[in-house]
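Every chain is named by a letter (A, B and C) in the order it is written, and numbering of its residues begins at 1.
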Amino acid sequence: MKLTIDRAALLKSLAHVQSVVERRNTIPILSNILIEAQDGDSVSLTATDMDLDMVDRVTCSVSVPGSVTAPAHTLYDIVRKLPDGASVELTSEPEKERVTVRAGRSTFTLPSLPTADFPSLASDDLPFNFTLSSAELKALIDRTSFAISTEETRYYLNGIYLHATQQPSGPVMRGVATDGHRLARVELPLPKGAEGIPGVIMPRKVVLELRKLLDESDGAVTIGLSETRIRLAFGAIILSSKLIDGTFPDYERVIPTGNDKVLELNRNSFAEAVDRVATISTEKSRAVKIALGTNGLTLTAHSPEAGSALEELEVSYTSSPFEIGFNSRYLLDILKQVQGDVAQFIMADAASPTVVRDRADGSAIYVLMPMRV
Amino acid sequence: MTASSLQLPLALGFRPALGEEDFLITPCNALAVAWIDRWPDWSASALVLNGPAGAGKSHLASVWAQRSGATRARPGVSVDLDALVPQGARLLIDLHAESHPEPAAEAPWFHLLNLLRERKGQALIVAREPAARWPVRLPDLASRLAALPQVEISPPDDALLSALLVKHLADLGASLDPAVLRYLLPRIERSFAAIAGLATELNQAALSAQKPITLALARKVLQEPDDAGKRE
Amino acid sequence: MRPSAGLSPASVDPDDLAGVPVAMVDCWQRVRTRLVSEVGEAAFKSWLAPLALQDVTEGAVRLSLPTRFMRDWVATHYVDRVRRLLTEEMPGLRSVDLVVAPKLKPLAPGLLPPAALAVPLLTARDLHAPAMMRAPPRAEMNEVDPLSPDQVSVPLDPRLTFETFVVGKPNELAFAAARRVAESATVSFNPLFLYGGVGLGKTHLMNAIAWHIRQRDPSRRVIYLSAEKFMYQFIRALRFKDTVAFKDQFRSVDVLMIDDVQFISGKDSTQEEFFHTFNALVDQNRQVIVSADKSPSDLEGLEERLRSRLGWGLVADIHPTTYELRLGILASKAEQLGTPVPEKVMEFLAHKIASNVRELEGALNRLVAHAQLVGRSITLETAQEVLHDLLRAHDRRVTVEEIQKRVAEHYNIRIADMSSARRARQVARPRQMAMYLSKALTSKSLPEIGRKFGGRDHTTVMHAVRKIDELIATDASLAEDLELLRRMLEC
């Protein structure tokens, strides 16, 4: 194989795929990416960690069609350090099991493993196919991914749960994530073709990779789904992954419906106040206390080492006075996702879940458990 | 708001696994299982299954309900018994935490037992206390209840204790390391209710800390003086 | 050397191995024995003992576990060990699979006809009983007149005939009266009023009369139902504005039998209706038979005119059973059930369950069923155990303190020695027995038990339990003491 490619195009594509490759691999071939150049003017780069695969296609000029594998991170580092505007030549030498990278006066020779060793990608039949706009998918991920759990023994929480359900407004697709302390639930109109999809858990790694890539894309994303796999295609990229083999909890049970204390406040000024006051709270708990009364809201924090803080806010609250504690980071995470000016806190008491929503937008709701302070 | 501040966890849970292949048979419930297996040959129109809270009565009962196609029923004043008990009816009457029928329901219960006999139906009655000991005022009902066959799930044996703890935790979505299980077993109260309570506490503590159930966490849960009192 | 069956915790239940080659069975036995030594007896008993060899085909072994979560647990924590040991025993092994095989076996549908549902445990004798008056199948029921006789009348119980009624002093008068009414073609006394306490056999006599009349003259229309059912039917008729049909239905029968008439006390409109029905039938010289838990004059909440009407015919009472009669009933019932019941057990039941016949028969049914389920014959001990809820109003909760006291008394040592540091054999062994019983009879945690024995550690309690467990197998007198103490503490 021999091809010539613009450094910037190669770098962009390598940046995409190398991110899938784990830093430490017990199986050597998984440290490599597969470079395949067919007849014509494009090359595809493939990376996999056995669960998640990514294929990206870039324009280039192919003089000898063929394929080769190369160490992903090394190749990426090399191309990153090449001067902008350079033209890169990739040549395989299968008999010597190596690959050569040339640009200007630089030449690198890298070890290569046989392409036959590269795992073949799953080509399962995906019975459900539908399309979401890049903006919809971004919103779904942003409003839920902060709540994904990283605790590995509860592997079924290590992703976003996607499923279809019926709302009075019509059929919707829901994304739900929780780490046991807070829960985020987002809805969007069910796309055509997604009727009857199984409830699936999209792993955290796919979510994060996808979110990065979506920043560069504003077209439509074509999604293929089965009970065990998801495939997302957009631009020149195809991302395909196993889904988490587990059961998502019966999450509806933790979304309270009978809370009666409604607090409305300005999202920005509240977020800023929480951030200021939390400077004092201990690193470990990040607890802040909210006291609600007829005169408004008082936000306090104190720690034996750092002292104490108090800030008062004007809010709309007419129910009985009470106090409740929260993890300030959790409050900020949620407030960041509220787009409108007014955030609504719907509460019951200091030991029960609080519902947070955007007054202007009912498509997302957040559930937050208080702290005992 | 210092070291004592504690993040409370959401009460995440799953629908408990109540299938036939989720029921564990050990000596303490083998007789109850044998009665369920023996159905419909109960030599009566109803069988009373009793045992302490958390003994798996409702689980076993729902296995039976699935097998027999039984409908859940609760005799009461405002219940149309005639519709509830068709010819050949199969009913599951689970009293759950209620210890016995309330006085106003006694006449409907009596009528229900008669209807079952008359219409060749059968019911599985699930309660904590044996029916013969319910404080029933209506003598005809008391006598009918006392004459029913009756089987009890006895307190858990050691093999069941560990399996049950693992099962309860699995139903809560948590897993347990064998080393932690070995630590816990000789140190816990050996009753169904205590095991269920312990599983809930371990799960909550783990969720609150966003950590697996480690030995250190298990130790902390067991030593909590508040909770030790609650498990009494 | 193969361990002898039944002693080692690793021994295989032969029932689990149907269809598995003998060589494989031996190999599996060796693996189990090694598993016990590798994981320890406690973990083995909880998780690995239930592992059963499902089948073996071309190097693939399938092992089954009774539940899904046990399968998951073994798959997570033990399967590698099991695979390693199996591979050592079976060099050609390719794969080991764990599957779930629930022990509750589903019954084949349609194994028993629906008609048999309520009358199981039929014996040859029952089969000679008159054919049941069949209720129409459910589908048709919606279409027929809701007040057809089949709907109104309660199906008779084929077991309740004169032949199966055990006669003794307390019930001979009622029995004779019932027979006479059943056998005579003309109405000699109207009504026949049978009364007696709950569960003494009124319903049995009522059923027997109905069977007999139907058998002798199938053309006679007999309606037999309880007063509460009469009431429900009447309320229904009122609701559906169908009282004319209701009246016609009841007033056109040859024999009307109403059981437990006390149920309409206080129900004025039902009483009124019943009174008119009653009069209409008596006027037409149709037979009316009524039962109640009290004599007509003692029936509270019943209108005076109805009370006096009910007392016009023959009033026969059934007295509470005597010990002899109860014994006779038990003997007859045992014969019906076709299961031998030791005389001692029958005497025990007749002595202990004196309240009524229904409970007595219920108790015997339970004993027989229990014996069939566990495959052992009925003994006095099992009777006490199985019927504990009937025999005692409460189960006693034994405390550690009581156990200490009893054990100390039994061995004639001081209670203080239960918590003392003395290690002499004559106090140490009873102390261990008390710890053993505390674990067996209370739900206290081992650390808590240890605390009550002078602040000992839970490992001391575990050691005591293990020690006594060992001694039970070798020391017969200790085992006997233990059994005696257990029984004393439990009752």
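Following the convention adopted for this analysis, a contact is a pair of C-beta atoms (placed from the backbone, for glycine too) under 8 Å apart; a residue touches a chain by one contact, two chains touch by 3 or more.
What you are looking at is a predicted structure, and each value in this text was computed from that prediction instead of being measured.
Asks: What topology does the chain contact graph adopt: line, ring, star, complete, or other?
Replies: It is a line, because the chains touch in a row without closing up.
Asks: Could you find the chain whose CA centre sits the greatest distance from that of chain B?
Replies: The most distant chain relative to chain B turns out to be A.
Asks: Centroid from C-alpha atoms only, then distance chain B to chain C, rounded to Å. What do you get?
Replies: Chain centres of chain B and chain C, defined by C-alpha means, are spaced 19 Å apart.
Asks: Between chain A and chain B, what's the gap in Å when you average each chain's C-alpha atoms?
Replies: So the centroids are 41 Å from each other.
Asks: Compute the distance, rounded to whole Å, between the mean C-alpha positions of chain A and chain C.
Replies: Centres of chain A and chain C (C-alpha means) sit 59 Å apart.
Asks: Provide the list of chain B residues touching at least two other chains, using ranges where the numbers run on.
Replies: 175
Asks: If you look only at chain B, which of its residues touch chain C in the complex?
Replies: Chain B reaches chain C through residues 17, 19-25, 31, 33-45, 63, 67, 81-82, 86-88, 107, 110-111, 114, 116-122, 130, 132-133, 139-140, 142-144, 146-150, 152, 155, 158-159, 162-163, 166-167, 170, 175, 178, 182, 185-191, 194.
Asks: Sort out for me which residues of chain A touch chain B in the complex.
Replies: On the chain A side, the touching residues are 149-154, 156-157, 178-183, 247, 249-251, 253-254, 281-282, 284-285, 287, 289, 301-304, 325, 327, 351, 353, 367, 369-373.
Asks: Mind listing the chain C positions that touch chain B in their complex?
Replies: The touching residues are 42-43, 45-47, 49, 66-70, 72-73, 76-77, 100, 102-107, 112, 114-121, 135, 137-138, 141, 154-155, 157, 197-199, 226, 228-229, 232, 236, 260, 293, 355-356, 358-359, 361-363, 365-366, 368-370, 373-374, 389-390, 393-394, 439, 443-448, 458-459, 462.
Asks: Which residues, counting only chain B, touch chain A once they are in their complex?
Replies: 1-15, 173-175, 207-208, 210-213
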